[in-house]
Amino acid sequence: MKILEVNNIRKTFGNVEVLKGIDFSLDKGQVLSIIGSSGSGKTTLLRCLNFLETPDAGEIIVNDEVLFDAAKSHITSESQIRKNRLHFGLVFQSFNLFPQYTALENIMLAPRLLAAENNYNGKSKSEFLTQLESQANEILAQIGLSERKNNYPYQLSGGQCQRVAIARALILKPDILCFDEPTSALDPELTGEVLKVIRGLSEQKTTMIIVTHEMEFARDVASKVIFMSDGEICEQGSPSEIFENPKEERTRRFLLRYSGK
Amino acid sequence: MKKFVSKLVLFAMVLALVCSCAYAETDSEYVKAKGTLVVGITVFQPMDYKNEAGEWLGFDADLAKAFAESLGVKAEFQEIEWNNKILELNGRNIDCVWNGMTLTSEVLASMACSKAYCNNAQVVIVPANVAEKFQSVESVKGLNFAVEHGSAGMEVAQANGFKTTNVQDQATALMEVASGTADAAIIDSLMAAAMVGKGTGYENLTYTVALNSEEYGVGFRKDSDLADKLNAFFDAKYNDGSIQKLAETYKIQAALIKQ
Amino acid sequence: MELIIKQMPVVINALNAGFVQTLKLFSITLLGAFPLGLLIAFGSISKITPISVITRLFIWIIRGTPLMIQLLIVYYFPGLVLHNPIWGGGESGRFTAAAIAFVVNYACYFSEIYRGGILSVPVGQQEAGLVLGMTKRQIFFHVTLLQMIKRIVPPISNEIITLVKDTALARIIALQEIIWAGQAFMKGSHGISGAIWPLFFTAFYYLIFNGIVTLALTKLEDKMNYFR
């Protein structure tokens, strides 16, 4: 079942065309790895999907609902964009946890504010908060951080911070969870714990888009791989197609550089 | 800064001249309508000062109360920054300046003034222990004077070619002498009589030469009809002897001008 | 010395009355300038060009001219030029005019500190809030604000301590704050004239009050140290 369809996304910054017409689609439960050298437009693509950037052209369709159509983008209201964003989750390279909140508070903040706007979905406030907290505790257990839930970000290691950031995105139950180089800011010995959490999510059939430089991991966890180069999708296919039989010269050269390490 | 403020005052004066025709009613109508005569003062013994209970009294203060009463309004005393007196007056924050004000050319040009009611002189203040040396205008020529900025004392000092330091008010000028930062000060004789010498806060100071003679008057807004009303009030109070009595209370009878 | 001891009760009483004016001006300035400064800060970083240009011009004018002149203009302009002396001659009108000048002046200084504080919070914080479906308003109040406050406490403390002493400027429009009250004894007040010591004695009031303010601000800074 198709969950995401991206048609002809284009984005220009100044006179640099960063995305030159991106098309792909994703089925529910699939994990998509996007690889490519820096500056190839991977991050911009993720930012477009999360509505942090507005594409100049193209469409974004989630569950057959057109969330974005550049031809009609001028009629999109602030509150519509907000709703759109909730279809996606985004985990940043630099975590971006809120420093003044504990791990648990970081996870609970957004759903709490959202529920407050909707009168706690008909429940009493305390009832809602109890439920939310047990939900957050469950997720914390899932990522193995129950012990650290009352710690502030500065008291956590990079790997722990990134796991909290994942939990913070998960609690909103996005249709598609995006990762922007989730391990690039981490010391090598800390990447494992984060990748383990992501792997766990893929086993639970969470639909994910992962921009990464961890080739082995991408190959391992992905059901589909896209290689981007120069703002275009150079090649896409199954992991074995891309990693074992790349058709394009550019893909081959890129993979050679990485496996050479 | 001081220079700037005085320029600002000048600017305000010009502005006031330009705008002075803008009010429709006469000044006395205006004062009667609001029911108060706001008297702009600074602390100045024996003309305007507070007693221990914090009430205003003094020769000027008592007369102002009586004048307000004759108009059927209440006198309100408002301490002002002396440099800003014309701003205060033209901005209608106060209704008159009644505070042992010397009728200098600047004052006469910018306010509607009453007749002179009191004689005054600008006198030289020096430490008592050196007073003997400074009994003539010649002998004080080389001294460093502290004078109130914009005061009659400053004008006199300039006319005599004295070296001056301009300070905020006469009380500060006295402090300059007491602290030794100025050799001498020039202040009003009436104030000197009340504030220096035995039994005052400045026991070690005394006054010597009188540099001029001058007169006090009350200032109103330019074109105000209250100046004439006050002149009539002065005449009446002089004729019934109550002004003379008041002058004796504050020991300035010698300086009083016959109306 | 004996004389001073005799004068002390009267002087302290008068200085206290002056100090109440100083304190009132101080508190009202802070109460008004904190929120107004935030509003001005938003104006100066607004994406709507006319708003940001006008706001920055305003900040330039207020910060580029002496507070003393602003006091004179606020108090005298309505009566002199508009022929409508809205403040009146009394103490309360003078106080209102002084408070307005102080609030506006300090709001402009605060706004620049706020602006620096807002800009120093990493963009990632705002983006994290956005992708979690928070509104800009929620992000400001629940994410940015506290981080901004933590960053601006030291520079704001500086301004607050300056403000304690700046209140003395209100004397230019004859607001009878503590220094005015102290000087009154040089000229003659409450039966005391030519007394110089009360003027210098006012320094203790400032010193003690600033000590209290400094302690409170240090405490606030410590409180903000629970996160980094």
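Read from first to last, the chains carry the letters A, B and C; within each, the first residue is number 1.
Assume contacts are C-beta pairs under 8 Å (C-beta built on N, C-alpha and C of every residue); 3 or more make two chains touch, one makes a residue touch a chain.
These numbers come from a predicted model, not from an experiment.
Distance from each chain's C-alpha mean to the overall C-alpha mean is smallest for C. Counting C-beta pairs in contact, the chain pair with the largest number is B-C. Centroids built from CA atoms put subunit C at 34 Å from subunit B. For the pair subunit A and subunit B, the distance between mean C-alpha positions equals 80 Å.
Our note on geometry: subunit A versus subunit C, Cα centroid distance of 47 Å, whole angstroms. Subunit B makes touch with subunit C in their complex at residues 1, 4-5, 8, 12, 15-16, 19, 22-23, 38, 40, 42-45, 49-52, 54, 76, 78-81, 84, 87-88, 90-95, 169-172, 174-175, 178-179, 194-196, 200-202.
By the touch criterion given at the top, residues 10, 68-69, 72, 75-76, 78-81, 83, 85, 87-91, 93, 171-174, 176, 180, 183-196 of subunit C touch subunit B in their complex. Note for the complex: subunit C touches subunit A at residues 122, 124-125, 127-135, 138, 142-143, 146-147, 150, 226-228.
Residues of subunit A touching subunit C in their complex: 50-52, 78, 82-83, 85-86, 88-90, 92, 94, 96-100, 109-110, 113-114, 152-154, 168-169, 172.
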